[in-house]
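Okay, handing you the structure first.
Every chain is named by a letter (A, B, C and D) in the order it is written, and numbering of its residues begins at 1.
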Amino acid sequence: MDLLEYQGKQLFARHGIPVPSGKPAKTVDEAVAAADEIGYPCVVKAQVLIGGRGKAGGVKIAKDRAEATRHATDILGMDIKGFTVHEVWIEGASQIAEEYYASIVFDRSAKAPLVMLSTRGGMDIEAVAEEDPTAIARLHVDPLLGFQDFHGRKLAFAANIPADLVRPVGAMLTKLYAAFEAEEAMLIEVNPLIVTPERDVKALDAKVTLDGNSLFRHPENAELRDPSAEDPQEQMAHERGLTYVKLDGDIGILGNGAGLVMSTLDVVAQAGGAPANFLDAGGGSKADAIVSAVEVILSNEKVRAVLFNIFGGITRCDEVAKGLIEAFDIVKPEVPFVVRLDGTNDVEGRKLLADANLPNVATATTMNEAAEKVVELAKTGVAA
Amino acid sequence: MDLLEYQGKQLFARHGIPVPSGKPAKTVDEAVAAADEIGYPCVVKAQVLIGGRGKAGGVKIAKDRAEATRHATDILGMDIKGFTVHEVWIEGASQIAEEYYASIVFDRSAKAPLVMLSTRGGMDIEAVAEEDPTAIARLHVDPLLGFQDFHGRKLAFAANIPADLVRPVGAMLTKLYAAFEAEEAMLIEVNPLIVTPERDVKALDAKVTLDGNSLFRHPENAELRDPSAEDPQEQMAHERGLTYVKLDGDIGILGNGAGLVMSTLDVVAQAGGAPANFLDAGGGSKADAIVSAVEVILSNEKVRAVLFNIFGGITRCDEVAKGLIEAFDIVKPEVPFVVRLDGTNDVEGRKLLADANLPNVATATTMNEAAEKVVELAKTGVAA
Amino acid sequence: MSVLVDRETRLVVTGITGREGTFHATNNKRYGTQVVAGVTPGKGGQEVEGIPVFNTVQESVDKAGANTAMIFVPPRFAADSILEAADAGVRLIIAITEGIPAHDELRVYTQLRRNPDVRLVGPNCPGILSPGKASVGIIPASFFRQGNVGVVSRSGTLTYQIGNELAQRGFGNSSIVGIGGDPVPGSSFIDIIELFEQDPETEIIVMSGEIGGSAEEEAAEYIAANVTKPVVAYIAGFTAPPGKTMGHAGAIVSGTAGTARAKQEALEAKGVRVGRTPTETAEIAMEILGAK
Amino acid sequence: MSVLVDRETRLVVTGITGREGTFHATNNKRYGTQVVAGVTPGKGGQEVEGIPVFNTVQESVDKAGANTAMIFVPPRFAADSILEAADAGVRLIIAITEGIPAHDELRVYTQLRRNPDVRLVGPNCPGILSPGKASVGIIPASFFRQGNVGVVSRSGTLTYQIGNELAQRGFGNSSIVGIGGDPVPGSSFIDIIELFEQDPETEIIVMSGEIGGSAEEEAAEYIAANVTKPVVAYIAGFTAPPGKTMGHAGAIVSGTAGTARAKQEALEAKGVRVGRTPTETAEIAMEILGAK
């Protein structure tokens, strides 16, 4: 789960990580009131879950109230790479002497947290990594031992941080690691980590990704999910406990198991079709989950045909068939369906479907055949 | 550093460990006011850093104010095995259905925390251990992994805790371990850990020993040291940064390094003498530490002769000699001294002493000779 | 022969008294697996479909001789259950549970790695099937029969799909091993491929990967250096847009590394043929076996 | 020969710019030890008595070839400094610092144990002296000369006392190893006795213990089973009253176990002669060497 910048900064503040003070605002009035309270100059920052907002005009300095009003008006409602700005963060302008970069990533390959530090902050770190990999100091941490003071020194000296800043930058890394561990983050990134003219160290930005699976231990973080920042279909799916990702095509896809669904997308694409979504109904899907899934898929108006690709293991095909029959009863879909059922209780499932004789539902015995049929149906409304 | 029972309970409460509520009191009036506030029946408990206070009459139940007054009057000022009771703890009487035992010990031999649990609480656990070692379930914890939920279950089932109490007792152990780790304890012992008739689990006693070396990280614990509970000489030594333990004899001992001082006590005892104290002046002792040490040793009126046994390593013998000369100047001791100096700068040290020509100071070249001399001096006032 | 589970497997199922735990433990037993014990704290002494239930994994080891554990407890209890099994001396732990917090997985992995005698497969995996011998987990065993194709896969249902494609062409499996798609799998492709390489029954290895991470790239290096048997691969997720999460935490694409394309290229560069669909993957395997 | 430190020792001193650090690093260097580096963060590039100072232990290893570290930083920084040295690849770490929190020692011990290539001696120890070759620590080296008695001791000054008793009788030492009296010593009596057993120069081993813990009892078992060379022991603390702390956290007496008497009996039961005073201990050693 990604946090907005200001949510990340509030999380940082809880762990004693110095951040500029500020206030979030959802309307121009709120934004101007916040700016007045914080004082000028201040910065008006779009809160969206996508990078590159600075270049898109989503971050502006306001010297006075007139500018704050103008910027808040411009930024609220702005579209940044498909994300609408529903909220801004007003913070006091910081004096910047140096811009560094710091991050902690849950490194799946090394199976350990990876801490990175560079003096080349304030810019695209991937570009820095490509151009000069030695500019980024890296260190893996044994998760049972944790981040030690010497790790901070080792990184700071390796990154050529000036001697007087080794201690405060190390202390910042120690606190970032504590936050990473305590909040069960998958990523914490500070870019830029600034040094003020007074040689204080502060997190001027905050990118935090939390582990959705751990939110039951962090109720205060679970509340941070911002439904307004999500796509409405994805939001509906999330509420119903389904994993759904909207895509650009016109063929609705439902499968069980992320791998099989990804494979289904690939096979449909190979057959010349364009998937409209990724939807994993999950293990052990019951009939009502299937009803919800059909509703989510069809809530996307682009969908012209739907493919069900089920290989039952923990999921039982008869349950899927029951759900599909129920969904047709409730939703009465107007687009054609192709259904492929294999695995646990497939015979029973196929029989249920045959007996129900649903309108506009074709069956297929293999994944490839199913893909070809649905692509044809999406194009012509008629199965090949 | 040992905590009084009520200090231990307050520490427990900070970690969410259920304890009966109560109040400390230093006078009878305070005790009665506390009892009135807590309600009757309540328990008046002597707060001393020694076990066996129950048998000594230091724990009494008060049914009403008259009894509370009587018990507080009896217990405050009472002597329990040489410790004067300066404080009592008044707590609400608990209903007890079962008495268990739980502890966490810093096990030096295994180099890991040892967690112990038994259903045979409320009595001398060492007696239980001797009589039926299987009555105590034991488990070592990997300090980097920490105490896991399954550890609690494993201990609880091994100790034959009833099934309905496995979870709450396990949860109690988890919290005790968290306290052990967070507060850097050397020992946490709950005897008895009680089960109420409502099947709630509570710590009815609390024995906590903290690591004195870690107190710099725990300023709130550092303040708990109760000077009034310490022997006055030990208190004086502690304030001066010396390690001093008062013993029963009449020969004052000063050495550098705990091992050498213990050895010196043994050699003096073998020579027929009785040491009056253990005093380790520590590594690198400077002259002023020696002055303090002499003051502490002589503050014990039983002392009839003093032995200095120094083998210099990090400690320099000339510094010790300077300190002794200065101490004679300030304290003007009336008892004879025997001084043995060896090791770093011993030649310089011996020369300083010879030049100073202090009254009543004999020198010795070996530890055995020094011991024999001081024993003789303590007996006769004259060196053999 | 086969790998990891067989007729010597003596299985303890943690979470056996849960609905799914009972269902799959019973299924595994019915298949012929020696399911010798279940564990549910506080329910020691009960039985589930004739399987004795114990309070702790230690008891199941001491009293029922369990040597393999299947973890079927809810995600918030799973890390503890895995550590309990390892502590009790169980050598093979197969964790089916999905949705375990990533930091829990990290702690468990780091702790278990310190004991080379303990192997974890999963979590978030369908289990292991050695057709005709033993089934541990939720793989629909009736679809597979004994044979010489070893399958290792990050995805559950995709494993069945590929196994099924092979079965329809008349090929059976030595073992089918689901390693799971979570951020910190207990066993990697490399760990399982190493076992298949040593297994006399296995003649060809099919590995099924997906986008995210670098496990497939690492496997490619390992195969080139250490594996003499033919390996065929399949990668899911060519259509996944970068930066989108596709259900598995393991499927977060970051930049170019970890894409299906990058994985395919890494494998092909080391001489491993990669099928474009599950069907094509099965066809390549068939072709190689036929060519032998 | 000798054990642990010798002419091959290339020492880095952490905390070298502190007053005591400078004093003892200089002393060690003057004795002939190769003191190749010091470490004080932020003071990299400076020199202390001709010894180059680096910012990190890693740098001292990479640039000065340090293979042994002496830890001389204050107690609150010592655990970190030990872990840093181990992380940097230093094989032998000698921690002089006294007063390290016990839980810090526990974490360090548990972590280092996972790497069998790293040995920690101390903390709270006087160091190691191999007379005529190298001195690392605070042992007053001029009092000792080369010989065939290996000494291992929990107490600093008591070590000097015993070494001195031997020296006065004309015996020298292969090495004198202080293992420290803290709750969690990095090396035990057993670890050092094992080295002396293998060291050709050592003909007899003197171990000096004290009340508290069970290290002496464990050493007794080990000696009976594994040591061919004669061992003479001394135990301090016969006069210590039970339940009193005598300065070392290691000297907490609990019940009967851990008393000087119990240790003496455990050693004598295994055929190890125990001297009643340092003098008697030296006399026994002399007698055994004379009898050889």
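Heads up, the rule we're going with is that contacts are C-beta pairs under 8 Å (C-beta built on N, C-alpha and C of every residue); 3 or more make two chains touch, one makes a residue touch a chain.
This is a predicted model, so every value here is computed, not measured.
Shared contact partners of chain A and chain B comprise C, D.
If you compare A-C with A-D, the chain pair joined by more contacting C-beta pairs is A-C.
One inter-chain figure worth recording: chain B and chain D are separated by 27 Å, centre to centre, where each centre is the mean of the chain's CA atoms. For this pair, chain C with chain D, the centres built from the Cα atoms lie 49 Å apart. Separation between the centroids of chain A and chain D, computed from CA atoms only, is 55 Å. For chain C, residues touching at least two other chains, in rising order: 107, 111. In chain A, the residues that touch at least two other chains are 142, 144-145. Chain contact topology: the protein chains form a pattern that is neither a line, a ring, a star nor a complete graph. Pairs of chains meeting the touch criterion are A-B, A-C, A-D, B-C, B-D.
By the touch rule above, chain B contacts chain C in their complex via residues 142, 145, 148-150, 153-154, 157, 163-164, 166-167. If you check the complex, the residues on chain C that touch chain A are 20, 24, 75-76, 98-104, 106-107, 109-111, 126, 138-140, 143, 153-161, 164, 181, 183-184, 208, 210-215, 218, 234, 236-241, 244-251, 255, 260, 276-279.
By the touch criterion given at the top, residues 106, 108-109, 111-113, 126, 142-144, 181, 184, 186, 211-214, 216-217, 243, 245, 247, 255-263, 265-270, 275, 278, 280, 283-284, 311-315, 342-344, 366-368 of chain B touch chain D in their complex. If you check the complex, the residues on chain C that touch chain B are 41-42, 44, 55-59, 77, 80-81, 83-84, 87, 107, 111. Residues 144-145 of chain A touch chain B in their complex.
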